[in-house]
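Just so it is clear, A, B, C, D, E, F, G and H label the chains in written order, and each chain counts residues from 1 on its own.
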Amino acid sequence: MTKQLMRGSHVIGEAATRAGCRFYAGYPITPQNELPEYMSERFAKLEGATFIQAESELAAINMVMGASMAGVRAMTSSSSPGISLKQEGISYMAGMELPAVVVNIMRGGPGLGNIAPTQQDYFQATRGGGHGGYRTIVLAPYSGQELVTLTMKAFDLADVYRTPVILLGDGLMGQMMEPVTFPDPIDPDTLPQKDWRLDGARDRDSRLIASLHLDPAQMEQHNWKLARKYAAICERETKRESYLLDDAVLAVVAFGTAARIAKGAVNRVRKAGLRAGLFRPITLWPFPEKELRALTRTIKHVLVFEMNFGQMVEDVRISVGEQATVHFHGRPGGIISTPHEIADAITKLFYRYKLDN
Amino acid sequence: MKKKGFIRINSELCKGCGLCITACLKGSIRISNKLNMKGYHPAEYIENEKSKNRKCTGCALCAITCPDIAIEVFRD
Amino acid sequence: MAKQVFKRPDAIKENVFHYCPGCGHSIIHRLVAEVIDELGIRDKTVGVPPAGCAVLAYNYINVDMGEAPHGRAIAVATGIKRARPELIVFTYQGDGDIAAIGTAETIHAANRGERLSVIFVNNGVYGMTGGQMAPTTLLGQTTTTTPGGRLPLRDGFPLDLSQMLAVANGSVYIERTAVTSPKNIIKAKKAIKKAFQVQMDDLGFALVEVLSQCPTNWKLSPVEACRRVEEEVMQNYPLGIIKDTTHKGD
Amino acid sequence: MGMTKIIFSGFGGQGVLMMGYVLATSGMYEDKHVTYLPSYGAEVRGGTANCTVTVSDEPIASPVASFPDFAVLMNTPSLMKFEGRIKTGGTVFLNSDLVELRPKRSDIQVVAIPVNTIAVKLGSIRGANMVMIGAFIQKTGLVALKSVVKSVKSIFETKGAKVHKMNRAAIQEGAAFKTV
Amino acid sequence: MTKQLMRGSHVIGEAATRAGCRFYAGYPITPQNELPEYMSERFAKLEGATFIQAESELAAINMVMGASMAGVRAMTSSSSPGISLKQEGISYMAGMELPAVVVNIMRGGPGLGNIAPTQQDYFQATRGGGHGGYRTIVLAPYSGQELVTLTMKAFDLADVYRTPVILLGDGLMGQMMEPVTFPDPIDPDTLPQKDWRLDGARDRDSRLIASLHLDPAQMEQHNWKLARKYAAICERETKRESYLLDDAVLAVVAFGTAARIAKGAVNRVRKAGLRAGLFRPITLWPFPEKELRALTRTIKHVLVFEMNFGQMVEDVRISVGEQATVHFHGRPGGIISTPHEIADAITKLFYRYKLDN
Amino acid sequence: MAKQVFKRPDAIKENVFHYCPGCGHSIIHRLVAEVIDELGIRDKTVGVPPAGCAVLAYNYINVDMGEAPHGRAIAVATGIKRARPELIVFTYQGDGDIAAIGTAETIHAANRGERLSVIFVNNGVYGMTGGQMAPTTLLGQTTTTTPGGRLPLRDGFPLDLSQMLAVANGSVYIERTAVTSPKNIIKAKKAIKKAFQVQMDDLGFALVEVLSQCPTNWKLSPVEACRRVEEEVMQNYPLGIIKDTTHKGD
Amino acid sequence: MGMTKIIFSGFGGQGVLMMGYVLATSGMYEDKHVTYLPSYGAEVRGGTANCTVTVSDEPIASPVASFPDFAVLMNTPSLMKFEGRIKTGGTVFLNSDLVELRPKRSDIQVVAIPVNTIAVKLGSIRGANMVMIGAFIQKTGLVALKSVVKSVKSIFETKGAKVHKMNRAAIQEGAAFKTV
Amino acid sequence: MKKKGFIRINSELCKGCGLCITACLKGSIRISNKLNMKGYHPAEYIENEKSKNRKCTGCALCAITCPDIAIEVFRD
């Protein structure tokens, strides 16, 4: 496989196509316009693939809902405000157990905010910004190559668990070019048949895909079913990277772009002899709770670094309980911290808590 | 010879809306005094489906109008 | 031997309709089912019901169905149709669904000429939620949110969605019908059939508006409700073909 | 040589993004770690365009350059914008045809090249960015000149032999330019 | 003040009117239609008050945004799916620091769900279902009379902190009638002037209300400002009821409708001699974290009871840390537990953990 | 003595426009400001800018302004106007804002006859986000999301929003103008003035569509862009009054 | 008397919700704790309407009645729906004009009253619910009859003296009805 | 006597779009060779505002067209 220098948004588009995605509907919004633009061109040349520039994010998510009902691998993408508009649709898809991939290239907020890279939609993504208490799998790539693997994985997870999967990046992930290689494309016809899809009741009873459960007992049953599914996902699908944690006395916890920078910071302080490491959740939901908890046998200080004013810090607190002290460093507006800045924050903690002896 | 027909009304499906009565040009349907299980007074066919003198032509206008598909129509 | 000349269509399930006595919805359901039977397309048809009184349409019409959020039936249907163009896809929507919350989706699908057959049931109120004003509510009409009657300055005017859709280039067939009498019902069925045929012929976006009665929320008997449609509603929404370009180029 | 960060900046239309892209691609061909980050969004409209390239022997943490090692500045507003951010000991490459100002800082080196003039001489002002990249590579040695020629060739693959020839000439002319 | 037997939705409408609310925009959805219906009638007769039945929830929230910009006390209401559609607007209002009251009479979900009472939108309400990591104050009434006081308080909090406030109830709260009394109505003209409102730049510079902050540094500053505001709210505005907790060895934590039932259950088990009490968060955000934490000096078992499959349980875990064991009992579909059922759950815990000796 | 016959309007701030060279937005801004000056309503006017290239309109037009989410300017403006009917409220919106994501809000505000003056800038693309297709994009036109040109079957037809709004009962004045030449600019200003006047006279919903040039995304020089508006765009969107019922009953 | 839960059920139009409302209002006038909970939403359409009233001396936890003490059932479907849920020892009030069936359970009491007949005799079938509430109050003593008369008067305040007189007569007639 | 006028172009506000040049019926404006600070070649007024022979009538068509309000117009 030859390496290609490719913009993050394009990488997602190409990876999705190779994962067998054949339906894309979206609405422009910076900083992810290059993704629909890529899809418009890619799908124009690909037999059986549909690109629709929808009239709105609402229309887009609902078109994806329809395509998913028809059994096709489908994707939509947007950035923060547009994702807010898709919450109703995501809730419906979670309720109807419809697979789809929803890409959120986060920007500054709340409101119109700006288009700089932030991680301010962590809660929305991991707690289900829509109604009804569903959950969505959330994947947080931190490099061009991971955009390839996680985008493709997103489609698989969506199909296996019949649930929407969110790929959560930021403007830096979307705009940055890095060398990437792609695996061979998957032929959608070779994917497992979806025996629930709507394709006309030929030689079988008619099918229904619906989230309406007027009877509370039936609704409750359905929700316990979802709860069991979510428990299974938590059991099986957590994913994280551990970096230099074996001998560490302090762990930085960061995801996505922030984790890149944190890694650079860890490398820096390591050079100064400080035993810090990086714990990088790759799945934000399910959060790698147990794995983080396990670290607290040796690590008593955790520095959460997020490009917001503190959201994942709650998951970290839940994970470590009272076994470690949780510190927080945040940049909530699109300023991208330097590794230097984070290294400073780490160093201060070593100094304040005398971790280096 | 004029066409003859008759209808059968499923009184448990019927909700007594009376639209069939308006539709029938022959006046062959009326609302019953009885209540059905759902609490409606269903429509009833006035004529005897065996009678030769019945006015019902089997035109099916009643059935076409019936929102609850409570009427089946037969023609001789 | 007596021969049965009218019976339940094959494409209607056995379930008892949950609709109120005299409601037009179940008539329209039956017409859709009859058309599906007659066109022989039951095994390749997919329906998208609305949020509205007809939310349970899938309990009655015996084809594959996928539920849409309120107002988004056409967007969902677009997704299905584009993903599998070989299917015949219809939506079934109330006036609140299609002409209020779903306005944008409706107009843009018509403008794109999506190959869909849309059944638009105009009963002038929000039936399912208890009789609030709909975009189509007549001036002066009392509803639960227009206690003194619909006032144009506060509540706006009756919206003629079908006329607006006629402006869209991708719509090829739009007709307004009613289900107040056998005659109108027969015409409505013809229109519905044509809307499906237009899709099968790949011509463009087709919509049939059906003026329907909601005796419950109008607080009228079914017979009075039908009369109201014929005497008042049709004044504002006259029946007939609003757009038909299906024969262009013949 | 660790990690090097370069900012390219100029008017839209001067091909500054292309310069960055060429450098990053060249680095990739040499199996270095590279990132390329365009400025994006509203910033692009009207004003200057710029991009940041990182070339490194190790994984790159941040693709952003708070303090770039090098800055390639094709017009005066770019110099005004970036002069203060260049690392001590760093080098500024200036398009001396458009930039009359010179940095006030004494802790950075300045390489001034009349790339417009040279490009026009070679046949088209549109080659100015290629002239500049040639000079930049020659001076910094970040990647081999032949990697640059190769990457330019592949980037402009569809444009045919004539364009390639012109580009190569421009790069070589830039590389040959003797700076003080 | 004479008592009136009034339906919850109407109580909210009347309380809002008496709090000086003069703008309501909404879109029908069960089980809260009686609220817009009430407003349509009430405002038709009230000089200077505007009722709009909007074309959608999106339009409604944005109309409220406009009215709030103009300085008028404004409200919208909906139920779960409709609230999902308002997330973008709520995010904008949080970003622009615009006061408003948003009523969510929750129903079953996800998706279309049903109209039975649930508490499935806890996360959405407390974590900000929209983008940008803002927070909204969330009030959870549990009786008719509290609908009066909390609705009125919601308007005050919204104005004081210039932030949207969510009143979170369920179909039971909305539909149930209880006797209530109302305080005298507030004359809106006597409310503090809003010196930020848009009313025409007469004898002053023109004003701007916007959430756009293109410069990341400025965006960050704005977000730290929001963060400080949120911290102040957490400091000052938590509210909870403690019921029979003084001698308790187990606390049930529940809010809204669930708390009513839990209270009944506590009364039941008390009769059997079990020392259980009820901790009822009235503000869900800010969550009464310290107050709950303080209980763990004596209480080592906490039973969270929610009408969902577990959301507030996270806040409880964060609050009690490892000082108490957190148990959960949930009904996620609209079935309303009986006090009996919860009493059983409490009793089982007493038995299992031998709490009664 | 020389007398100044053209200068910056009072209602325009000193800031330098961020728009691209030749962009129609800043011309239209100036016209709005001139109208506000001439009507003497600066101190009771509130504007609602869009998400779009004109998102920063508040940096230029010197009146109170409140930002709306993309597409919701008219809903926000409705809230302001209904809350304080004594204010003069206008929105300023691009074609993506008003005719795609904001379709429903636009149509229903027109239908309710909201007393608003709406400036609808039709430049046939999404300018701010980098030149994607807009609902108004012409057939065959290449944009970043219609790489081979707009195809009706995939992308739909150019949408004529103004014509649709004319169907709504509450709209009283709709005119289409352009800013390609001094003559057109003068006409556009007259139309904008009338749209404000209609609001001051409490007559109903008024909208001025302005065909504008986006040289950047059309990849044309400003002069070529103006020529394109006159030669191609106006073929599809002819200038003139689309609806004017303001003199009804005179 | 602790906490009492009552379900009222019948066809829409039979005034069952009004019965519950009257009872709850009467309880309120006596400063009891009361809740009134209508069934709502889709359930209402077509089928039966019902509501649940709780009257209590202490605060009411749940306004829902899984096992009501009393059920006032105005038609046959209501009996079929609720028979199984009535508390042992509880009482069913039946509109014997419409309900021919009788409960199969032997652990509950049955009070059958021809309320339609009585109401028609009094002048209008629309008073049937008032007849029933009179009988219900007389039998259960949940609130004083005069509270009921007072609450009905205030509820129908705008309807004038004639309606009030009819209502009062109906309530009294119901209260006077001798059940077995 | 024909009206005379003159214009002043703020070359730092000007973005060199050239619309004023098209608008001017007298040919009194052209694009300058110089770059302004923003990197545009601004428009320049060709005539001398003191000259009696200048063709500029002060009609203001240029200013009306200018998107950047870079032109002030004066009339004698």
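We take it that a contact is a pair of C-beta atoms (placed from the backbone, for glycine too) under 8 Å apart; a residue touches a chain by one contact, two chains touch by 3 or more.
As the structure is a prediction and not an experimental result, all values here were calculated from the model.
Considering the contact criterion stated above, no chain is in touch with chain B and with chain D alike. Graph distance from chain G to chain H, where chains that touch are one step apart, equals 3. Our note on geometry: chain A versus chain F, Cα centroid distance of 38 Å, whole angstroms. Between the Cα centres of chain D and chain G there is a gap of 87 Å.
Taking each chain's centre as the average of its CA atoms, chain F and chain H sit 27 Å apart. In chain A, the positions touching at least two other chains are 30, 52, 55-56, 58, 81, 88, 92, 96, 111-112, 115, 210-212, 214.
Shared interface positions of chain C, defined as residues touching 2 or more other chains, are 19-21, 55, 67, 69, 100-101, 103-104, 107-108, 128, 135, 154-155.
Multi-chain contact residues, meaning those touching two or more other chains, occur in chain D at positions 42, 46.
Contact residues on chain F toward chain H in their complex (touch as defined above): 2-8, 12, 16-17, 19-27, 30, 181-182, 185-186, 215, 221-223, 226.
If you check the complex, the residues on chain F that touch chain A are 51, 55, 67, 69-71, 96, 100-101, 103, 126, 128-130, 132-133, 135, 144-148, 154-155.
Residues 3, 5, 30-31, 115, 171-172, 175-179, 260-261, 263-265, 267, 336-339 of chain E are the ones touching chain G in the complex. Here chain D touches chain H in the complex through residues 11, 46-48, 75-77, 98, going by the rule given at the top.
Those residues of chain F that touch chain C in the shared complex are 100-104, 107-108, 111-113, 135, 152-153, 155-160, 163-164, 167-170.
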